[in-house]
């Protein structure tokens, strides 16, 4: 039987984010359940499910995006945990954040390493 | 003899960007030569020279950052060429750009794939 | 007698924002009183006072803008309350926030619905 | 028979954007066909297909978002045409753009009305 | 007799921007005349008319803002010309742009010095 | 003997920021020591060390940049303190923040004056 987009998305969400992603989806249930469903079906069932890059590579791109946009600290927290979960080391995650300094300057990067410190402490 | 930051940066700039990066640096010579020097010494001699991520990984983060900030089409063009130069395939570069859809939406991503098309045609 | 821009702005501010807008203006009195005056005179006395769109339509545009820029959670809070005040329903406000997903991605939208939840609870 | 997400999205895309939206989707066919498919299925088949706001209201939110993010002039062009297509008048579209002045300042708004002028001339 | 806000704004606009600012205001006459009036009355008649900073200082802040937001090249062009007009030297303007590198990274700054080059050539 | 970039940067950092800047650098020691070093060597040893603008002028540009990017409240706090430290008055700092209203709108500016209030109270 074919896996539905929702089933595929849920499976990949857990592979990538562990428990953190599902917690975000659950937290939206009361106010905008379709938003949680879209994250599962579209972000994970479609985008992350595409061929061509592995999970570590996708998290490197995602870190570059989230550090850059600013004001996305809750999502950065989830994806730094996700980056650890798919096997990037703490040192690699810090390097990925620092790699954005030439493109976005110091403020976004300082804020991001402070988020990373908190996530690393939670996983110690 | 120790390599200076400028020498190290110039060497890495060429490894990463091929001719495109040096062209940017040269273009700044008339109006802000220190800006070109900072790109060589700081962006490449310090940041790219750090241990912990290889050139392909650094370009994945950089693509995530440049697609996200918008209004950086000239730099996106240089770094899509750089991504090819360090060995990422066209398919991997497109996937890296598409990976940002859940984080920045469609407009930035459509604009970025249009830049990529132009770079790919120049390298065909 | 002609209504001054300040009088017109104050009247419209109350029509749109109820008490929340005046509270913002008052809070600026100690440090930058002209900023409060400009909000009343320019934002409300000029911009909101223009013909052509009604208050609900103006709040829909405003929600689209505030969700998109990020880092404007305090203002989003004021304008979600304003949207309720001019007669948009909770369901319409959530839909307005979700409508931005294709243009700004999930992080800004998740943060905005979390702000909306708080405002809705305060108005329950 | 149930309409698929793609069929529903294609139908709504045409209702909203007329020919302009399909042209964007077609233009992505060579380099990132899944991106075009996601726009149809997700943006239009899921988000625009939601209940609770009509097409005019959705375009007001979308204009607020696109004016605000900057660097999205090609998408602003498509959605100003879409706004006309769903029945907003030129005067209402200009008012929607001007409504963002208090939230994003003059530069983004000046650039947006210049895009609007071009679209209005094409539709004259 | 008291000077109106519009008269005061027009006078300051010319002091600051020379001909460039009035050209922007005139260009909006066909599509959004109130936008041009707001620029004169609010931006120049209120904000620039405030005490406490001189015209050179106000242009330094403005350059910092316009370089940072990206996608505001037309406005950056007007304000680099304005900065020359109020007496900042080419060298000071370049330094003001370069001063933002630590806060916004290289792409925005490279794009801004390229705009500056064009303005300087027009004033040579 | 020649002063190293690090020594020059440390000296200028203290001249500009007083204790606040060094505190930021120290706080990065555990997670990304090279980031602290780059702030000292590059931001202060290279950029701030350039000729052509004095410290007050550089802080005016920096305030314009930090207010504009949003989500940089911790850095805005450091640089409002720095602005006081190099001799700008509270009134001048407020004017610098208000000067950005025409370019970025009210939300960023309201958030920035609220940061300024806190810094001014700490320095009372």
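Remarks
Which chain is which? They are A, B, C, D, E and F, in the order written, and residues in each are numbered from 1.
Keep in mind that, in the parts below, a residue touches a chain if its C-beta (ideal position, glycine included) is under 8 Å from a C-beta of that chain, and two chains touch if they have at least 3 such contacts.
In UniProt terms, the chains line up like this: A, B, C, D, E, F = Carboxymuconolactone decarboxylase.
In this text the structure is predicted, and so the values were computed from the model without any measurement.
In summary, the chains found to touch both subunit A and subunit E are B, C, D, F. Between subunit A and subunit D, the least number of touch steps comes to 1. Between the contact lists of subunit D and subunit E, the overlap consists of A, B, C, F.
Taking the mean Cα position of each chain as its centre, C sits at the greatest distance from subunit B. Greatest Cα centroid separation from subunit E: this falls to A.
Between subunit B and subunit C, two chains of identical sequence, the interface residue sets overlap for the most part, with shared numbers making up over half of the total. Rotation angle relating subunit A to subunit F: 120°, from a CA superposition, given to the nearest 5. Contact tally for A-B versus B-E: the pair with more C-beta pairs in contact is A-B.
Taking each chain's centre as the average of its CA atoms, subunit E and subunit F sit 23 Å apart.
Taking the mean of the C-alpha atoms as each chain's centre, subunit B and subunit D sit 31 Å apart.
Centre-to-centre separation of subunit C and subunit E, using mean CA positions: 28 Å. Work out the mean CA point of subunit D and of subunit F, and you get 39 Å between them. Residues of subunit D in contact with at least two other chains: 34, 38-39, 42-43, 47, 50, 66, 69-72, 75, 94, 98, 100-104, 106-107. Chain-to-chain contact here is organised exhaustively, every possible pair of chains being in touch.
Residue ranges of subunit D in contact with subunit A, taken from their complex: 34, 38, 42, 46-47, 50. By the touch criterion stated above, subunit C contacts subunit F in their complex at residues 24, 27-28, 30-32, 34-35, 38-39, 43, 66, 69-72, 74-75.
Looking at the complex, you find that subunit E touches subunit F at residues 39, 42-43, 47-48, 50-53, 57-58, 60-69, 72, 75, 91-92, 94-96, 98-104. The touching residues of subunit F, when paired with subunit D in their complex, are 100-107. Within the complex, the subunit F residues that touch subunit C are 70-71, 94, 97-98, 101, 106-111, 113-114, 116-117, 120.
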